[in-house]
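Shared between the two complexes below is subunit A, which has subunit B as its partner in the first and subunit C in the second.
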Partner chain A sequence: MKILGCFKIVPDLDLIAEEDWIADGQLQVDTSYAKLSWNCFDEGALEMMLKLSDLSEGFDVVYELNALTVGRQRHESFLKTLYALKFEHAVRVEAEEDQDIRFCPEIIAELVAGYIAGTSPQDVVVMGMQSSEGCNMKTPLLLAEALGWPCITEVTALEPVDEGHLKVTSEEDGRTAVQVVGVPCVLAVGNAPSSYLRVPTLKDKMKLGKKPIEHIVPDWEQLLEKEQNVELTELAAVEERRDAVLIEGGTPEEKARELYESYLKGRLEKI
Partner chain B sequence: MRYHCIIDAYSEDIIRQMEELYAFKTAFLQEAEEGVSYVLCRNRTVVERLGRRISGSAVAIIAEDYSPESVLEALGKETDLEDIYIFGSGICGTELSVRLAARMKGSSVAAVHGLEWKEHVTVKKMVYASHMEGTFRMKKGPYCISLAKGMDRQELEHGTFHIMKEMQCTGLPESVVSRKTTANEAAGGLDEAKVVIAAGRGIRNKENADYLRETAKALGGELGVSRSAAMNAWAPMNRMIGVSGAMLQPDICITAGVSGAAAFYAGIEKSKFIVAINTDGQAPIMKKADVAVADDFVPVVKALRELAER
Partner chain C sequence: MAIISREQIVEGLVDILGSEQVVTDEQVLKESSLDRYRKYEQVCEVYTQPIPAAVVYVKSAEEVSEVLTFANDNEINVVPRTGQSAIEGGLETALKDSVVIDGSTMNKVIKVDEYNMQVTCQCGVPLQELDDMLRERGYTTGHSPQSKPLAQMGGLVATRSIGQFSTLYGGIEDMIVGMEAVFPNGKICRIKNVPRRAAGPDIRHIICGNEGALCYITEVTLKLFKWQPDNNRYIGYMLDDEYMKLGFDCLREVMVEGYKPSFARLYDAADAQQHFSAWLPEGKAILIWMAEGPANITPAIEAGIKEMMSKHPELEEVDPKLIEKWYGGLNWGPEQIAEEKEEIKATQNIGITTEVSGSWDNIYDIYKTACDRILEEVPDMTLMGGHSSHSYINGTNMYFVYYYNIVDCAPEEEINKYHDRINQIICEQVIKYGGSIVHHHGLGKARAKYVTQEYGSSYYMLKTLKQAFDPNGIMNMGTLIPLRK
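The block that comes next holds the complex of A and B.
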């Protein structure tokens, strides 16, 4: 079974200084100095693929794990990490530095659908529900529609069944669903427990991390020229502030007493 | 401009959904023409028994079990290309709004908290992990939106929907071989708690999370955690606070070892009173709290608990 994990590398937005939350004339925010990391939902999706592969023994199923990102040169180290974790094939769809595609989930879905339909057929696509930058919450759903595949959202676990099926656990509103589903399908990963990606061994990094990465260069001019159905027109920073009275005291116990007597006791009594 | 609301009656929190939809339409669609409500349900009795409504008429989209594929097929037959379709803030709302718009060649925006319709339909939503608010122009109808979590609620009109049509959905799609659902264990009243202790990465381990949970109980409250604490399995995922977890509005929220990431803070910003305890006096949470203690949370919380238990 061929499984494609789609992921996005994002800046750690909590490292952006308060005064830097300013949009320029093109409605772009400079986040280039922040440390890069896996988008947390995508990280959960990639780890879920590895766990599925771990469980395959005894099921007579071979999982071919592949990975794709739409990103820049500096994101390639993440693809190398996936090679070291024994992913079979890694692809980077090249995005130019000056193209802001954070609010273009239609384009990302079209690129992934094009790769699957035209270059490398897959049985399953696994990806996160949303990314921290755009917060669009649309890409896996649009991909499913573009491919004409069923989609399961808020996936929290995968288990093997056979070559043509997977057991998928997902969250629905107020309930948990466990389904055996046939492939092909798109699986959008939500709040999965224990979703940090494992760390490859140094030996595997040395041995596997140098495999060549496939590069795809799309016609960005053509893609961006197409009118998007939804367009970002304004971007404003959100400032959250309260009184922030700092409690003074020589010891933690003194501070706790002041906090309790002056601020909490009365409020707790009213509840 | 005409609008329609879509209600998921398979969900236990149908009243909350309806209250959020009602508040949204009151705030932003007063002058628009009211359409019908589409109620996704097992049978029409569910709709009749609600005893409350958000519009005069409803279409019941009926199936034994919820399946997005069959609901989309039914909704697709009803969709008017000029209209606005408003879905709730739940998982099903986001999925259906995006996929319906894609099928009907319209536009969709998920997690919306504001709307304007004049020359164009424009909506507002949080982006950049809640650090910024984006305004988006929706260019093609049907205009499908889902609401952001934790929106204001408005008490509902008493009365019963006039069910103008019933649509029987097809069963589960062929791709589903078997399906079993179980109701989720409630997060122990976190959503409704008056006192919440919110723990972040700075609490360091599961033992401290357990201690904070006991302290929260001693104060008559509940423990919630940040995404990183939940991902470390210091507390179950259903205890997670923030834009992709619980959106709370307790009377008192005490944060311990929380940095104050915007996506987390969105989940506690409606608290009446926020206390921040953090060793780092410069952490963003310290400016977003009513009262801040710059110290290690362990001795501070221990002393607080002793004082409260006296």
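The block that comes next holds the complex of A and C.
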């Protein structure tokens, strides 16, 4: 079964100082200094693929894990990491340095669909449900639509069944659904129990990390002209401050009493 | 080991401090039996060290004195602590029925003396809070270790801590003025605050760096400096990783010419990718300086360094704004530690550091041979690198940074299979080339086994200090001087 993991590399936004959350003339926030990391949902999706492969022993199925990112040259080290983790094939769709594609899920979906339909057929696509940049939450659904495949969202676990099926656990309206689904399908990973990708050893990086990465160079001008149907008009930081009260008291008991009497008792009585 | 029972120890402590200040909750005791040297055991909540009898919270030097007298009379091992950011085993309770004496509630800033440029505070004052308060007044301690959000004054002095701006301000040993400390027999000693004196040996250094093995630090006076961040200048260059030797030489050149930048750093390519992956190409090492101080000095330091570096065609200048932004996100606080714990649990991949120092003529050999040996001899390594972050006229430090996957290994075995093995290789290479096995985290218990090799003939002096001040052997046993097996 050929599984394509699609991922995005994002700046670590925790490293952006509060005073730097200012949009420039092109509605961009300067994140150029923040170190790069896997988009956390995609990271969980890639780890899920590896765990699925780990579980395949005893099942009559072989998983071929492939990876694709739409990104820049400096993102290639992440593809090399996936090679070191024994991914079979790694692809980078080249994004132009000055092109803002944060809010273009249609274009990303079309690029991935084009790769699957035209270059390398796959049985399953696994990807995060959203990224920290853009937060569109649309790419997996648009991709499924473009491919004509079903899509399961909020996926939290994958288990092997056979060459044509996967057992998929997902969250639905606060409940957990476990389904055996036929391929092909698109799986959008949500809050997986583990969103951390395992780390390859240096020996595996030396041995496997040097495989060539496939490059695809799309016609961005044409894509943007044809597909971009939203225009970013404003970008503002969300104010996330909360009021706080410092509870005074001579002892922990006094403070606890004050907390209970003034803040909790009334609320508890309403329950 | 204690000559009274665990129950009697607790009773005695309650008599002295009252039950509110004596904690015997099992989970607290377990968590107080180790520090971040046994990070994997901490993450797995597996406790291999003897569980202490109690953790006591002290509120004054007098209370410390009473507790130490009680411990001394009953031969109870005590482990002094404040901010709990230790990472070399200094907070491990190595003996049965130890008592952990926590000074974090002694957290008053006693006096900010702006005229004499010094600040006096109790041992439990958090450095971050102190320095934030001082900066609002236009001053700084000049001390800014990565552990700043966690560390408190007592521990910082006890471990001979050093901060990121050490090249200008020095280590904590250069910042301390006077101190108050309590010795195992209950004697409270105060060293007065004067700019300098030549009245015999500098006894501050019996206290500074004692790692809780000689006395308990209760009060510290530090120097103050003007805080002038608007004048800061940042300088950075990238270079191929194969030119690390040149990188050390560049650091040396700046020091030898007499410049005093506040930080001076050299990251190898592996370590640099952890910090600068957004813009630094793979395979590139990086050199960084920051100049701090009066407005007419920092541009001169910047110009001087740039002029010197322009003579090295192997260096490529980087945008100073990138360095400035990176510098803003350098410290480690409780959030990072919590996140790291989750990551270790999920990936079974763990990152550790070991810091050493060497002279200019041996630091590269220490760095290179230790890295090579570790990669050759230790399995499952996922990252091996390091950086120099504190330079002197005669040498610099090396901060080894390493990550490994924990494979087929019970939590209690991890320390032997990986961490101690790596530490051993680093210490062996440092001793072989003539450096120091400890630059600023303290010997703790992790590296105490190498103390005789580290000290050579001067070990006599350290041992004599221990015998003189702690004849009953109650102060943080196993730290500085290893336990006899």
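Keep in mind that, in the parts below, the second predicted complex is superposed on the first by the 237 of 271 C-alpha atoms of A that agree within 3 Å, B and C clash if a C-alpha of one lies under 4 Å from a C-alpha of the other, contacts with A are read in each partner's own complex, and residues count from 1 in each chain.
The criterion applied here is as follows: a contact is a pair of C-beta atoms (placed from the backbone, for glycine too) under 8 Å apart; a residue touches a chain by one contact, two chains touch by 3 or more.
For clarity, every value in this text was computed on a predicted model and none was experimentally measured.
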{"item": "First, second, both or neither for A:243, with subunit B first and subunit C second", "value": "first"}
{"item": "Touched partner set for A:257, first subunit B, second subunit C, both or neither", "value": "first"}
{"item": "Greater subunit A contact set [subunit C / subunit B]", "value": "B"}
{"item": "First (subunit B), second (subunit C), both or neither touched by A:267", "value": "first"}
{"item": "Which superposed partner A:182 touches (first subunit B, second subunit C, both, neither)", "value": "first"}
{"item": "Partner chain(s) touched by A:194 [first = subunit B, second = subunit C, both, neither]", "value": "both"}
{"item": "First, second, both or neither for A:223, with subunit B first and subunit C second", "value": "neither"}
{"item": "Partner chain(s) touched by A:213 [first = subunit B, second = subunit C, both, neither]", "value": "neither"}
{"item": "Touching partner for A:157 - first (subunit B), second (subunit C), both, neither", "value": "neither"}
{"item": "Set intersection of subunit A contacts, subunit C complex versus subunit B complex", "value": "14, 194-196, 251"}
{"item": "Residue ranges of subunit C touching subunit A (in the complex, touch as defined)", "value": "20, 273-279, 281-282, 321-322, 325-326, 328-329, 342-343, 346-349, 375, 380-384, 403, 405"}
{"item": "Subunit C contact footprint on subunit A (complex, rising order)", "value": "11, 14-15, 17, 20, 31-36, 74, 77, 194-203, 251"}
{"item": "Sites on subunit B touched by subunit A in the complex", "value": "8, 10-13, 66, 68-69, 90-92, 94-95, 98-99, 101-103, 105-111, 122, 125-140, 173-184, 194-195, 219-220, 227, 230-231, 233, 236-237, 240, 243-245, 251-252, 259, 261-263, 265, 269, 273-275, 281, 284, 286-296, 299-304, 307-308"}
{"item": "Residues on subunit A engaged by subunit B in the complex (per definition of touch)", "value": "13-14, 16, 18, 21, 23, 29, 40, 102-103, 129-130, 132-138, 141-142, 144-146, 150-151, 153-154, 156, 165, 171-182, 185, 190-196, 227-238, 240-247, 251-253, 255-257, 259-261, 263-265, 267-268, 270-271"}
